[in-house]
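Each of the next two complexes has chain A plus one other chain: chain B in the first, chain C in the second.
The block that comes next holds the complex of A and B.
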């Protein structure tokens, strides 16, 4: 290869193995910027999780309804479908617990988690509703109820990290530390979790995702800055695998949902939504994502192919 | 690279005659270094020094202009590896492929899309800038005919793609004055293509199979006096092309590979048959250093997202995450349109205004200065209190623009409704809106139904 200036790293992202048994996988371990394997290591390809809700979503895009509509009422069947479609992991969002919606009690959500957990051997991410207090309660209950396998719990934020973190430590679950697109707050939360006693290899970092056209660049740059500090300044409080919940942010936008009849210049809605989800995923893979949550199986397929080509 | 005052001083006459407007050559050198003076102000600086100074102060990656007039596209001129260090300067140009083997109807449809696929966004019009005209047949007459057919497409800049210099020449003549990008000079034809670039003052692509080969070709063109160069590293696999882009940028910025100090051109159109894969390659080059990106087609479903990504990645990273506090008109407003209130956190504004737009109900949106905090955080910090929101509403003058006296507050801040009513007086009716932006569409539709 032609000679050009290389970046020497003095730090390595921590390696984390999610799940157990033959469906477990490892992420992290990078000693180079994403796909920069000419100057360092990227031992594991980033992984893709697909999202399942514990209640039928009423406002998902048509393209998603077409694929999953028949299993919306059955989270177990829905999760199985994701595994069949090739997802590395399943993210079960406990949408029923949203205080602005059904406000189902934690105990009820736990029952769904138990069912899905029993039927799905792939790593299982259990996700809240981005309400600090309610998530603290629900995720704590989930942590305690599932004692036979490691889960990945999130979003864990400054407002509930003690509650969820303590549950995670006790039952050997992983946590996704979520901060509001701010590198200093991300670092601070990692420190708080460390002080609480959560071991490094149990932490993933979620910088919060700005969607394509809706602040993607802020997330992109927080991630690049985090990787730069982790790899070249040896900042061990930022040396964690990065987690991005892309599907939700992409599919809620009007750009992904509006039909071509309504906006002819926007082109075919089906392809547009998938292209947006896949492109957003690629932007974050290029800035350091290790685990990305998406919604559409076509996104999974194209991003997989992209990863295979980029990891060669 | 920017030069220091002392470095510049070495090239000045050191006579301190004062004709440049400052008393000493050193003072003048300092002004030059600070960008506050023009070298032309010193009548005594030698031609040799001038050349040396402009050489030494040239940016590490040259800015190349393709086309002429207001819609010309500028690429290159980049100074950093990461956008958080400094704003990326020139957005990559997006080119739509036309070939001389396409049917007339296909060409017409593509030209139509080139004109129509435009997206207004935050005061800008997002669109592709170039037509890439490729000779597939090798037939000069066909190539020339195609160029003639599209040469007057409004706001188009051109890339002429052919291996034969005779074709490039015919194309350049047809596009006289429009400064098309000639693509490409290779080891086999560089003398002739270089001469054509020099004669027509058109920018030119060099193509080689390796980065060393690229350096040899750019050096050769420079020696011929051709400076507006664009680099094609020849890679047509995403991984290789990606690494090439990194190498070019790093080599040029570090000063170690000056011969790479030019913008690049990349060809996702030649890398796959699958339109979504192609858009992923384009997305890669938008983030990582593509100068011109050639696409096999412009289709709204992939072009629009690429344009959004380009807008995002090339945004000023220092730009605070706030929106100007004022009243925004969204959609077609009338004097009876509803008024909504939100915070000035930029992402909140984007999402709320996007939802209002999606509802197709014209509405006014009052953005209150919350110092960049989201609604709930701002309320908790006392920056979205009823009296403050009320004062902002009165100051905005919205009462003179609409007869409507209903103001919708975010559901998350429902608690301020009492204070707000008190502040606004009996004329106004405070309505508690949805807690989630995603519920705005049904809410507004119902409100006006």
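The block that comes next holds the complex of A and C.
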């Protein structure tokens, strides 16, 4: 009998339970590389969230409009649709607050969060517009307004971690620590959050995502490196579940949005974006993602099937 | 170790204007300070010097050697300025060093004839046609290219300082291992040659107040692997003390980290613990973050 070489792990990813009640789920807890259950433990299957906006998106791909167009005006109905379609969690993006767009005040966005939070029992991620200052303000207001359930707040970055972090500590919310595809900055932000007093089990790491053909390999390498340090160097500042916001990056590409009339040689438009979203998701699952945000229900189905086989 | 002072540099806020305005005072007072601190060579970095390069180099070389009896290390991409510097250099205290000859055909074609003609030393920079080498083997290949040209030119090997190209720990931490690994290969490849590096680049981008300890620690590590010389901040007296073997305690402590001997941190002073943590960082045992000393 041949003795296969095995990677010895001397660290474990922290376990984090998101949500409460029967819709709650736990992620993390790995003591081996993704799906390497012959080397260690992977106690929880990665989870999939679907994305909802607080205002109707005007530039989403046709394939997404077909599925969600009728509920774009109603974030609560949209969130419910995601749950019906099988999403483990819902991510509510407060797109209305974008200073380059509607620039809605934080207080107004908070009202939408309240409504969705009341109607949706699945774990709820509340996402900003990737503007440090505005997100700091909005997410802080959300943290304080929703005091009856834990939310997941992000993106939290070096420019606003104190503001959002302090709100999260006070009201027991989770934070998604986002860094710009840089392993060293990712570690530094985790240290800063720890110094601020955010407890380990309240932190998820978002390495920033590049979609397929748009820098996927950079994110993949950073995630791979994070897991190497976490598991083989016992680096406790990187032993956090990984969060990937895939949908947004994939569905903004021209490959996902362009019709067959415009580009007859690019293949079937109906499945092109979905295939890209599924491929990107699978690549990140293989490099350690614990929670992935996607947009299309067909992606959800495909990835679910993949996960079922991989977790056997 | 042979210390090459990096401080006479056109990027400096005091030296830069003095070089441009041909004002000898700030340059000479810096040169005297560096020599007093124990530098063996003074690097004269006039930058790309696209305009008036030869005049500037000649001026700085003569200005410095008026007050300091040291050989110089001439640092410019401008070939004409390099030649002007070699011509102006007083070799009474030793031959100058050309800084540098890259392993790129056009650079080698332009600069090997100068090294030959002026019988100077030169830094063989392991930077090739495709840019930075990615590991020790690529460094070895570039060194072999430069070595072949050195032989062709009939230049004795002991006039060559191989420079593995040190990169910042905060961006490409693991690649630093390529430098140390190359240092181990060098004695077999070119036993008579020397080695040097632009040491301070290792701490480029790290928090300003922590740059010195990174530089000092990496110097100890590279020396442990055989480095013979370094271009370094010669206003930092502690790094000079390390380079000149006046701080053997730190050196042996870092040696223990390299040899992976068990170290009881509880028995060390805060300063010693900081050296151990920094050495582990530079050896890629821990992943870089700006707060590495706090962990």
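Here are some notes:
Basically, the second predicted complex is superposed on the first by the 309 of 312 C-alpha atoms of A that agree within 3 Å, B and C clash if a C-alpha of one lies under 4 Å from a C-alpha of the other, contacts with A are read in each partner's own complex, and residues count from 1 in each chain.
The rule is short, and it goes like this: a contact is a pair of C-beta atoms (placed from the backbone, for glycine too) under 8 Å apart; a residue touches a chain by one contact, two chains touch by 3 or more.
Note that the coordinates shown come from a computational prediction; the quantities given were computed from them, not determined experimentally.
Clash-free side-by-side placement of chain B and chain C is the outcome of superposition onto chain A.
Of the two partner chains placed by the overlay, neither chain B nor chain C lies in contact with A:153. Put simply, if you stand at the Cα centre of chain A and look at the Cα centres of chain B and chain C, the angle between them is 60 degrees to the nearest 10.
Shared-chain residue A:306: touches chain B; no touch with chain C.
In the superposed model, A:237 makes contact with chain C only, not with chain B.
By the touch criterion defined above, A:191 reaches chain C but does not reach chain B.
Between chain B and chain C, it is B that contacts the larger number of residues in chain A. Of the two partner chains, neither chain B nor chain C is touched by A:142.
In the overlay built on the shared chain, the residue A:229 is in contact with chain C alone; chain B does not reach it.
By the touch criterion defined above, A:279 reaches chain B but does not reach chain C. Once the two complexes are laid over each other on the shared chain, residue contacts for A:95 go to neither chain B nor chain C. Judged by the touch definition given at the top, the superposed model places A:217 against chain B, while chain C stays out of reach. The least CA distance from chain B to chain C in the superposed model is 6 Å. In the superposition on chain A, the residues of chain A contacting both chain B and chain C are 225. The touching residues of chain B, counted against chain A in their complex, run 82-84, 116-119, 121, 210-212, 237-239, 242-243, 246-248, 250-251, 254, 256-257, 274-277, 279-280, 283-284, 287-288, 299-306, 308-309, 311-313, 315, 317, 321, 346-347, 350-351, 354-355, 357-358, 411, 435-436, 438.
Every residue of chain A that touches chain C in the complex is listed here, in rising order: 183-185, 187-188, 191-192, 195, 225, 229, 233, 235, 237-238. The touching residues of chain C, when paired with chain A in their complex, are 170-171, 173, 285-291, 294-295. Listing the residues of chain A that touch chain B in their complex gives 1-2, 4-5, 35-36, 38, 59, 100, 210, 212-218, 220-221, 224-225, 228, 252-255, 257-258, 260, 263-272, 274-276, 278-280, 282-283, 286-287, 298, 302-303, 305-306, 309-310, 312.
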